[in-house]
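Same chain, two partners: subunit A is paired with subunit B first, then with subunit C.
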Partner chain A sequence: MPPRWRGLLLTAPALAVVAFAGGALLLAARGSIADGLGRGWSLSAYAGLLQDPAFADSLLLSLKIATLSTVASAALALAVVGAVSGSRRGRAALETAARATLAVPHLLAAAAFALLLSGSGIISRLTHAAGWTDGPADFPALVAGSTPSAVLLTYVWKEAPFVTIMLLAAYTPAVRDLENAIRTLGAGRLRRLRHVTLPLLAPALTEACLLVFAFTFAAYETPALLGATVPRALPVEAVELYRSVELADRPAALALAVVIGMVIALAALAAAAISRRLLLARTGP
Partner chain B sequence: MRRALHSAGFALLTVWIAAPLLPLLIWAFAGRWVYPALVPQDFTLRAWDQAAAPQQQVIAATGTSLGLALTTAVTATVLGALAARGLVLYRPPAAGLVRLLLLAPVLVPPFALAVGVQEVFVRAGLSDQPAGVALVHLVPALPYTVLVMIGGYATYDVRMEQTARTLGASRSAVLRHVTLPALAPALLASATLAFLVSWSEYLMTVLVGGGVVTTLPLLLFSTAAGSGNQALTAVLGILTVAPPILLFGVGAALLRRHRAAWADAEPASSSSSAAPGIER
Partner chain C sequence: MRIRMRHSGRRVKRATVLAAGAAVAGLLTAACSSPGTTGAEPPAKDWAQLRADAKGQSVNLFMYGGDKGANSYVDDEVAPAAKKLGITVRRVPVADTQDAVQKILGDQRAGKDSGGAVDLVWVNGENFRTGKQADLWLCGYTGLMPNQKYLDSTDPTLTQDFGTPVDDCETPWSRAQFAFVYDSAKLADPPRSTAALTEWIKQNPGRFTYPAPPDFTGSAFVRQILLARAQDEPVPPAYSKKAYETVAPGLWKDLNALKPALWRQGATYPKDQAALNDLFANGEVDMTMTYGPAEVPALVDKGQFPPSTRVFVPEDGTLGNTSYLAVPKNAAHREAALVLSDLMLSPELQYAKARPGGWGAYTVLDQERLPEQWREKFASLTTPETTLPIEELSRNARPELSGDWVGPLDKGWKQEVASAP
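What follows is the complex of A and B.
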């Protein structure tokens, strides 16, 4: 066997796992255009979603959660990486801290933020002791309130370190050399950031943003623990429908799975387009 | 001025990490802690006793979690190492496409994957079984191990294997004395990540395990969501977070020793330093 084909053979076991996942996704999509028993063909699940105002609310909420978490995590990570860029010790400390948060499972972060931010949580006790609030009811409803504040805080706490690590990995000595070069040419901090640091870190930032968006859009645990019951985030809504005993809810749940997958696919396409433009801008056509 | 800024930065980082985790530590040992007290009225080990009681299934669930995570770590690392070897050393046709396919599962929504897998498993009789859950955990773990092992093989010199073979070493001797030691940092990083992915998994375990396969995250979720027992939530939280942090710490220490031992042979192994970055 020629060695090139041998290489493909070595990837076969891993590809088999991906094929298994792909087949599973296809079966889920197939179930969304069938009746409750998985037979026949029908688009009624999608028609039902379009008529249901709760679906639009859930979709908007999930888009809001994912977009805000992504933007906030990216901004925070950029600011922090920019702040420590000059110091080696600072970078090392930042990397250690970021890794420590990465090791914390999302579910645990959500449970911990519930203890911290709920009406009788630690922060509420602190504001009471400081005389700012009168009791649990007086404390802003961060958990399960009308705005998903606790969900967003948990996501930023988990994802900003993730983006930070991706950025630090792209922050190579070559980037630092270019920064030093433009500094000796007399550029200030802001111009350095705009013309050197940001363009060179942009590919890693795009990649990190896509991963954060895809994760926060599709994740269940955090909005299930910390979110409100109306409207529910899309994945929470989907799981509730899937567990329902009504036969007609099953295709609806699978249709939600397809919608979640579509949104993430669109985000991936957008990220790919951005990456290509970034590459073109750097190397020329 | 600079010193002060530095200390302020370190203090901020510490507060950032400790803010959500410190309350867990206090709650785990709190007896009565009624609002608005800032510290518990009394301290007790009751929640730990509760967690140790057999009817709470905590010990059994920890065992299941460990078994699943170790299985995932080993399987995903082996598959990732094989795939990376094929992609990097042999440059097969369509290598770019294969790489993309292998990394794609990182974007797959867990709910969609779980319900699809459930359809497959119901037909194959694998539903509600640990083996099925382990297979599902493999999917999100694989992209990380592939990526890390591609990094590991990028700095790997296959001529060392050929030299050892020429000198009369058997295939297994080459694997044991050349390949594995040279790839050790990447293998360790990849196994750590795969362990973490499986250890943290909640939704797919619930849906595919059908409530029969009980892991630590399942107990943590149900306690945090419904019981109002903050002390037990905190204990389960500590049990959930301790192994990953321990693993990362031990992994980092091992890598440092390995690097010191290999310092003359390879000046810098970048594969391991980039690795844990991609975990989520």
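What follows is the complex of A and C.
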């Protein structure tokens, strides 16, 4: 068997999964421009979204959640990786800690943060016992509040370790050698970060950020558990509509799924463009 | 699905296609279940034949999974009784009955008219109506059931399900009455009427809230307020856009007037009844509500609610409904599902269902029609002090509005109340 075919054969399972996901998205797109039974052609689901003020609120909320979680996770991960970069022991400890967090499912993490942060949660009970708050109503509304604080905390707690692991993988001995070299030339911490560490870690960081953005934008369980009644994150809205027994809600739910897919596609395009520029900057045209 | 195989000389492509095909086939068959009826023609209308065919089948009973009393009743009482008839009961919990209806609708859209995974659904209201409109239910068999003789066939709460004629498409199973739950240690004298309740809410800011519709209980609370505020001009039970536009604005105005006095100033609502129960159990609010007040003693026994928990209904009455068991037309085990629906209607199982210490849910059987021994047994049932007997709960009971009201009211609430500044 020629090597090219063997390569294709080996990637076949992965390709099949991608084809399956692509097929599902196409089916969703078809369903979004049909009636509730999947027949005919109509753009009314999209027109309905544009007229619905709740849609704009949901889209903004989801963008806010995804952007803030991505930026915060990336900053946190960069900071800890930079902090332990010098010590081999610290690096090993960080890697173990990050792995342990990765193993916790998002649903479990969200439930744990609900128990911790809700009005009658553990922290609220502690502040009450310490005399800082007068009871549940006095505790700040972190869960289901007007700012999605608990959602963001859960995401940062889950995604910062993920970005950390991606960065640690890219943080090879070669990077450390270069850092040491520039240090002998008299560069301070910030300069090293700006001229060596960041440029060399940037490709891995971009990939990690794209994955975090795509996940936090499209995930259902955390905003469903920790979000407010209104506005609701797009995926929560989509699932709610899809579960409705009203036939007319089905195209609207699928239209939301298509919007979610398109936002992620845009983010992926942007990430691809950034990656290309980073590569050009390093290797020249 | 069409797969182009013209260039089949390329082995790799074929392998990919085969792998994908196998995955698709696996997913499609995974949903089907083994032995059962094939073919779309309805079973014979002969009860002895149905009972014989039902032997050895297992019934996938889809039911709302959030009611622990109902779950253990089905597992501990119904399943062993069904076993004696050779029927295995597989309880499939769903977060909301609409998920089961969606599943059947999905099958129907896919043209799957036999071998469906859903054999029996605990259903009523808008879910039954949606299924009936889409012609999902197996109708015309309830008349054959031996235990139907204990039902009052003229009782409108059994012939109409949220205003939709039952038409032999579902078997009555249980009754429920909307009620409020409070802690008598904190609140000695609960409000006596709906008007007094809204007054109490306003005077005790932050101590009351309701689940956000479309949650079943939250949605019922909104209808409860709608019916209570319309004393002078009753809400027409049948839905029409005109009727909606007449009554809805006033309802939203009243609910928005409550908003500043609600938990978290109405900026957010608990997402379902379980979340509201947690708020009540944690002392964040002073009341919770339920469409199944029979579940309260069990929650007290479990320690979730304090022993001083009590149930009250406003004197102007609350919503009541009957819930049913319906068999989808495409069910894989229709015969066993029908026999099981009849079994669940039997005096034995209806008594076990009503018994305090069990689920405690109210019977649909007509006491007048029962044999003497069963009438006495039902009459001897006592109600724990943590809930109320059905006679008190259902005083001035209001029949549910037509199922067509539910969707527009839930959507309207989200737009006009939840999103209001």
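Remarks
As a convention for this text, the second predicted complex is superposed on the first by the 275 of 285 C-alpha atoms of A that agree within 3 Å, B and C clash if a C-alpha of one lies under 4 Å from a C-alpha of the other, contacts with A are read in each partner's own complex, and residues count from 1 in each chain.
Keep this in mind: contacts are C-beta pairs under 8 Å (C-beta built on N, C-alpha and C of every residue); 3 or more make two chains touch, one makes a residue touch a chain.
This one's a predicted model, so the numbers in the text were calculated from it and none came from an experiment.
Shared-chain residue A:S244: touches subunit C; no touch with subunit B. Of the two partner chains placed by superposition, A:M262 touches none, neither subunit B nor subunit C.
Of the two partner chains placed by the overlay, only subunit B lies in contact with A:L25; subunit C stays clear of it. Of the two partners, subunit B and subunit C, it is B that touches more residues of subunit A.
Of the two partner chains placed around the shared chain by superposition, subunit B is the only one that A:L107 touches, whereas subunit C remains out of contact. When both complexes are overlaid on chain A, the residue A:A54 reaches subunit C alone and has no touch with subunit B. Contacts of A:L94 after superposition: subunit B is touched, whereas subunit C is not reached. Using the contact criterion defined above for the overlaid structures, shared-chain residue A:W5 touches subunit B and also reaches subunit C. Of the two partner chains, subunit B is the only one touched by A:E221; subunit C is not. Using the contact criterion defined above for the overlaid structures, shared-chain residue A:L15 touches subunit B and also reaches subunit C. On subunit A, the surface patch touched by subunit B in one complex and by subunit C in the other comprises residues 5, 8-9, 13, 15, 20, 38, 120, 136, 224. Per the touch definition, subunit A reaches subunit B in the complex via residues 3-11, 13-15, 17-18, 20-21, 23-29, 31, 38, 83-84, 87, 89-90, 93-94, 97, 99-116, 120-122, 124-126, 128-129, 135-136, 157-159, 162, 165-166, 168-169, 210-211, 214-215, 217-221, 224-225, 235, 238-239, 242, 253-254, 256-258, 260-261, 264, 268. Residues of subunit A that touch subunit C in their complex: 5, 8-9, 12-13, 15-16, 19-20, 37-38, 53-54, 57, 119-120, 136-137, 141, 144-146, 224, 228-230, 240, 243-247. Per the touch definition, subunit C reaches subunit A in the complex via residues 11-12, 15-16, 19-20, 23-24, 96, 98-99, 101-102, 105, 109, 126-127, 130, 206, 212, 214, 263-264, 267-269, 271, 278-279, 282-284, 407, 414-415, 418-419. On the side of subunit B, the complex with subunit A involves touching residues 6, 9-10, 13-14, 16-17, 19-21, 23-24, 27, 35-38, 79-80, 82-83, 85-87, 89-95, 98, 101-102, 104-113, 115-117, 119-120, 135, 138-139, 142, 146, 196, 199-200, 202-203, 207, 217, 220-221, 224-225, 230, 233-234, 237, 240-241, 244-245, 247-248, 273-274, 276-280.
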